[in-house]
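A short write-up of the structure that comes next.
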Amino acid sequence: MIYINITKHLDTAEGPLNAHFELTINDGEFLTLFGPSGAGKTTLLRMIAGLEKPDSGKIEVDGEVWFDSAKKINLPPQKRSIGFVFQDYALFPTMSVRENLLFAAETTEQRHNVDELIELVELTALSDRLPSTLSGGQKQRVALARALVRHPKILLLDEPLSALDSTMRHKLQDSLSLIHTRLGVTTLLVSHDIAETVKLSDRLAAIESGKIIRTCSPMEFFSPKTLSGKVQLIGDILSIEYDQPVYVITLLAGNSIIKAVASAQEASALKVGGKAVLSSKAFNPILIPLG
Amino acid sequence: MIYINITKHLDTAEGPLNAHFELTINDGEFLTLFGPSGAGKTTLLRMIAGLEKPDSGKIEVDGEVWFDSAKKINLPPQKRSIGFVFQDYALFPTMSVRENLLFAAETTEQRHNVDELIELVELTALSDRLPSTLSGGQKQRVALARALVRHPKILLLDEPLSALDSTMRHKLQDSLSLIHTRLGVTTLLVSHDIAETVKLSDRLAAIESGKIIRTCSPMEFFSPKTLSGKVQLIGDILSIEYDQPVYVITLLAGNSIIKAVASAQEASALKVGGKAVLSSKAFNPILIPLG
Amino acid sequence: MESEFLATMVLTFKLAAITTLILLLIGIPLAAFLVFSKMRFKSVIETIVSMPLVLPPSVLGFYLLLAFSPASAIGSFLNEHGIRLAFSFEGLVIGSVLFSLPFMVHPIQSALSQVHRSIFEASYTLGKSKLETMIRVILPSIRHGLISGIVLAFAHTVGEFGVILMIGGNIPGETRVASIAIYDEVESLNYAMAHQYALTLFAVTFAILLLVYTLNKKSLRGIQ
Amino acid sequence: MESEFLATMVLTFKLAAITTLILLLIGIPLAAFLVFSKMRFKSVIETIVSMPLVLPPSVLGFYLLLAFSPASAIGSFLNEHGIRLAFSFEGLVIGSVLFSLPFMVHPIQSALSQVHRSIFEASYTLGKSKLETMIRVILPSIRHGLISGIVLAFAHTVGEFGVILMIGGNIPGETRVASIAIYDEVESLNYAMAHQYALTLFAVTFAILLLVYTLNKKSLRGIQ
Amino acid sequence: DTANIAAASDLQYAFKEIKILCEKKYPNETVNFQFGSSGKALTQIQNGAPYDAYFAADMNYPKELKEKGFAVGNVKPYALGRVGLMSLKSTNISVNNLSILATDKIKKIAIANPEHAPYGQAAVAALKTLGLYDKVKHKFVMGENISQATQYVQTGAADVGIIAISIAKAPIIAEEMNFGLIDAKTHPDILQGYALLKRGENNKAARAFISVFESPQADAIMKKYGFALK
């Protein structure tokens, strides 16, 4: 059980702001912090890690007080069992990929697991390379692997997958998910990716201007009142073409492109670049597994 | 017209690789480079910008030779009219946001447009702040704005939107699109985001292990043979629940969550975390504009 | 006496200021060369830059004296063009520059080598020349190194006396700087006067350096 | 003569090596303090570190002599414990350390201040103490600054003679280092012998520094 | 005119008084002194130093300049230096008998470096004559010149020093130091010579100073500071 109730003064894009985060996270939970740029997501992670000091409040993890302004307790980051993946990777420039991971290892067992982790993030061929010779995505994978070495109590991930292509992203999402279930490590993820959030997290905390405005399941958050047996899709309108006598609307929904026929009247309300909801009442779907 | 035909030896995750890029880009075109991590996308952009020297070949832009190994021509980056957004932002640490942009301005007109650009990326309130006090997404927006100041002939964007939340991302996609149409600047974008690619780019170049394996329209690349009037959706299976007497399958397609009913037989072929194609023959869609 | 004291102090800080300025102008390009050049024998040049330190100052002064002497090739060439370096202020400047060179070059070189490549590249892609990039982007961001170099070179020139004694010859108003005056007073067992010189040197330099550091800290606030 | 020459050389490099080592041990924490401390009067300490440079070496030596003297508080305290610093090798080490301190501290400080904060933080979140982070992560990545400090301190100690002349008393085998020997030979107008000393100093130091730079360049390949 | 005069360190007190005489007699002439080691001055003069006259701590240096054509006129001896044993009054160390140097009471003996300083050479010669040299040579600490050797004694770093009488006579030194002259027969004469340099040939100030220096009033001052004159 992690209990957080802290305040911190921030200078944001919209002027000064008194951020106040109150949050309880269950053991082993996978929680995603979701919110616009500058909302305070990174700041919250840093305060949990002990890298930044809240102005006031309390952080308690498994009954252990990590921070308490009233009692003047403030555990240093070293004493907090955390794994942190930084937005700028923060790899050690003089150490090779393997050395970066070995540095983190504390026990012989962890030392032995290093190569396994390197393989997990598919960097075996690069394990003796220095960080400066890696591509952006490769660096990010090293940072992720390094944070996992010590089996931390809480894994704090600041957009760890944002620089990855979708194949690698999906692979690492699966690994994250696996690690989470296998090790049962409580995980806090900052992500802007809806699919990622839905796929990985048990719960979502929506953050806006330094406040947690809502916590709920990711599905609840993203799906409008869903009706069973009904398809309702939100998509970007890519093109509207007139194909006598009807209009063909091309919609992008996620990774899928959908073409739908619309009447002249319907089409006149739509414009390219806008969004549309595609729904249907009479629908007889066929589901085919893929891959 | 940009003509590129260059080779470069790379040390990749899978061992040494002789990258060879051959590509013709039309004036004003918006081309996206799409491909897995470590494929050579950043390296290609850097060679076009003159930041890295190809081993051999030729780069010609509007009849001007930027690089020619045979004639030993290699224009320095300063002489190439480019705007570059770096994966690590590369903001000047001692200059404020506005100063970073003003530094790039060359004419009085560009100087006057700086504030407009800052507003475009919604950083007006932060324009006097130093980069070190900005959040990741804020930094990226500064970098993007700075690259636009000089109205370059080619805009080279190395995942400029990857650290942004979806609202900001969409906003900046729209701005990019607008800038592209308004200024007609030829744009090369590295992106891992399908919607972004489809929405923004005229053409897509798929890169794998240092080769351009295919160039085509993004739609062609991402959509399977699409049939008019037919819905075909690829989605991630989020959950499979038994709700007597049928199974309810929850699918994530893009930003939308869809619940569909499936028979026991259908459901047995599906598993959580996998992908499925949802299609329907008889479909009577209703399209409603959003927002 | 009072006016001589003043003249000596003015001369001292004039020498230190001019030397530091010249060293900045030489030191920055030299440091940049040492960091960015891909030359094969760069280490040799790097080593040579540090060598003036190895000789005792008065011995370095002795060799300089030999070089400046009308009997030597350089000296006679300069002499023909009406330039006399030995026992002149100009000669002191040359000696001090040579002697303090490593103190300027090293900190700048070390700071430069830590600037991330993409910062340079970003400036190049914005059409800025190497020179402009250096002046407007890089130098402000390696302020720490510059200040180290300036402080070390300045303080070292103020305190230097071995080279100066040898090639300067202690001529009031021309080559008699404070360090020599103190040395003289101590040699004359004139401790009171030596203390006065030392204290003034200390106080003035302390004030200058403190100002430099405080201004630097103020303007650095928030960077990094 | 030959063996005295050798003894002098050995003593010189022994002094330089010990001084450099001690300076490393003092300089790194001091530089770290100057970079990371949020103390209000840090600039004052920063300034004080540079002050030994401002005094002419022989004057600094004179003040040290006063401090070491049995008449002073420090000196008499040491004397009671059987420690005599004046005219001893230990005294030379103390003098050299004091005099070369800024050359060690400045480059390290300047390099440290450019290390990105998240590198420290990453190491802390991996459970490493400040000390371990410093030794295993930070020091290797500020190698440039360390090498600058080592080279400057080493070369400066080899070449220093003002302080050493004063507090050393020129005792063969104990405090007579090469810089003093050269100085003596020049004073005695024994130029041939002076050249031999100077050349040897030059050659040996050149070889050492060249080795340092070359090794450093090799091992740096690829970083940054 | 202005004249630059290079002079041996031990002359500083006497010369400052003589300068006052000179300024009274020739108000329009200015002299600057460069006190320091005679060896350094020799090197500098040979390499173009703008000195007009040279008062060395021995005879050989000015003679060498004469031979090489840097000096005009003859090299004249002007003083006979003497050395003596010096200690801090507060230490109660007797300065009247050199044999005390061989006792355990004395740990360090300050002398000027005999390699190039005439007073140092005199000290060594005296000790050799008295048969003490081998017993005490390990106690030597050597100053660059006689001033530095004095400082060693003054700061208490050395217990005693063998120092020039000219320094011992300086008021600030005489106040806190005991001084015992050493018999002049124990060491060769420390003959000091001077010469007018080529550059000073037509310098009125240099000539004025030398003429004053050669006057009886100056002799008296030199005597006061312990320079036995020939």
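Lettered A, B, C, D and E in written order, each chain numbered from 1.
Convention: a contact is a pair of C-beta atoms (placed from the backbone, for glycine too) under 8 Å apart; a residue touches a chain by one contact, two chains touch by 3 or more.
Source: prediction; values computed, not measured.
Visitor: What's the minimum number of touch steps needed to get from subunit A to subunit E?
Guide: 2
Visitor: In the chain contact graph, what is the shortest path length, in steps, from subunit B to subunit E?
Guide: The fewest steps needed to get from subunit B to subunit E is 2.
Visitor: Please state the rotation angle, between 0 and 180 degrees and to the nearest 5, that superposes the Cα atoms of subunit A on subunit B.
Guide: Rotation angle between the two copies comes out at 180 degrees.
Visitor: Just give me the whole-number Å value for how far the CA centre of subunit D lies from that of subunit E.
Guide: Between these chains, centre-to-centre, one finds 36 Å.
Visitor: Could you work out how far the Cα centre of subunit A sits from that of subunit D, in whole Å?
Guide: That pair's centroid distance is 51 Å.
Visitor: Could you list which residues of subunit A touch at least two other chains?
Guide: Counting only residues that touch two or more other chains, subunit A contributes 88, 133.
Visitor: So which bits of subunit C are touching at least two other chains?
Guide: 58, 62, 116, 186, 224 - these are the residues of subunit C that touch more than one other chain.
Visitor: Two or more other chains in contact with one residue: find those residues in subunit E.
Guide: Within subunit E, the residues that touch at least two other chains are 40, 43, 148, 151.
Visitor: Mind giving me all the chain pairs that touch?
Guide: Pairs of chains that touch one another: A-B, A-D, B-C, C-D, C-E, D-E.
Visitor: Which residues of subunit A touch subunit B in their complex?
Guide: So the residues of subunit A in touch with subunit B come to 11-15, 34-38, 42, 87-88, 122-123, 125-126, 129, 133, 135-138, 141, 158-159, 162-169, 174, 177, 192-195, 198-199, 219, 222-223, 226-236, 238, 243, 248-250, 252-262, 266, 269-271, 273-291.
Visitor: In the complex of these two chains, what residues of subunit D are touching subunit A?
Guide: By the definition above, subunit D touches subunit A via 116, 118-119, 121-129, 136-137, 140-141, 143, 222-224.
Visitor: List the residues on subunit C that touch subunit D in their complex, please.
Guide: 42-44, 46-47, 50-51, 53-60, 62-63, 102-103, 106-107, 109-111, 113-117, 142, 144-145, 147-148, 151-152, 155-156, 158-162, 179-180, 182-183, 186, 194, 198, 201-202, 205-206, 209-210, 213-214, 217, 224
Visitor: Okay, in this complex, where on subunit B does subunit C touch?
Guide: Within the complex, subunit B contacts subunit C at residues 49-51, 76-78, 80, 82-84, 86, 88, 90-95, 103-104, 106, 130, 132-133, 146-147, 149-150.
Visitor: In their complex, what parts of subunit E are in touch with subunit D?
Guide: Subunit E residues touching subunit D: 37, 39-40, 42-43, 90, 108, 110, 113, 115-116, 140-144, 148, 151-152, 155-158.
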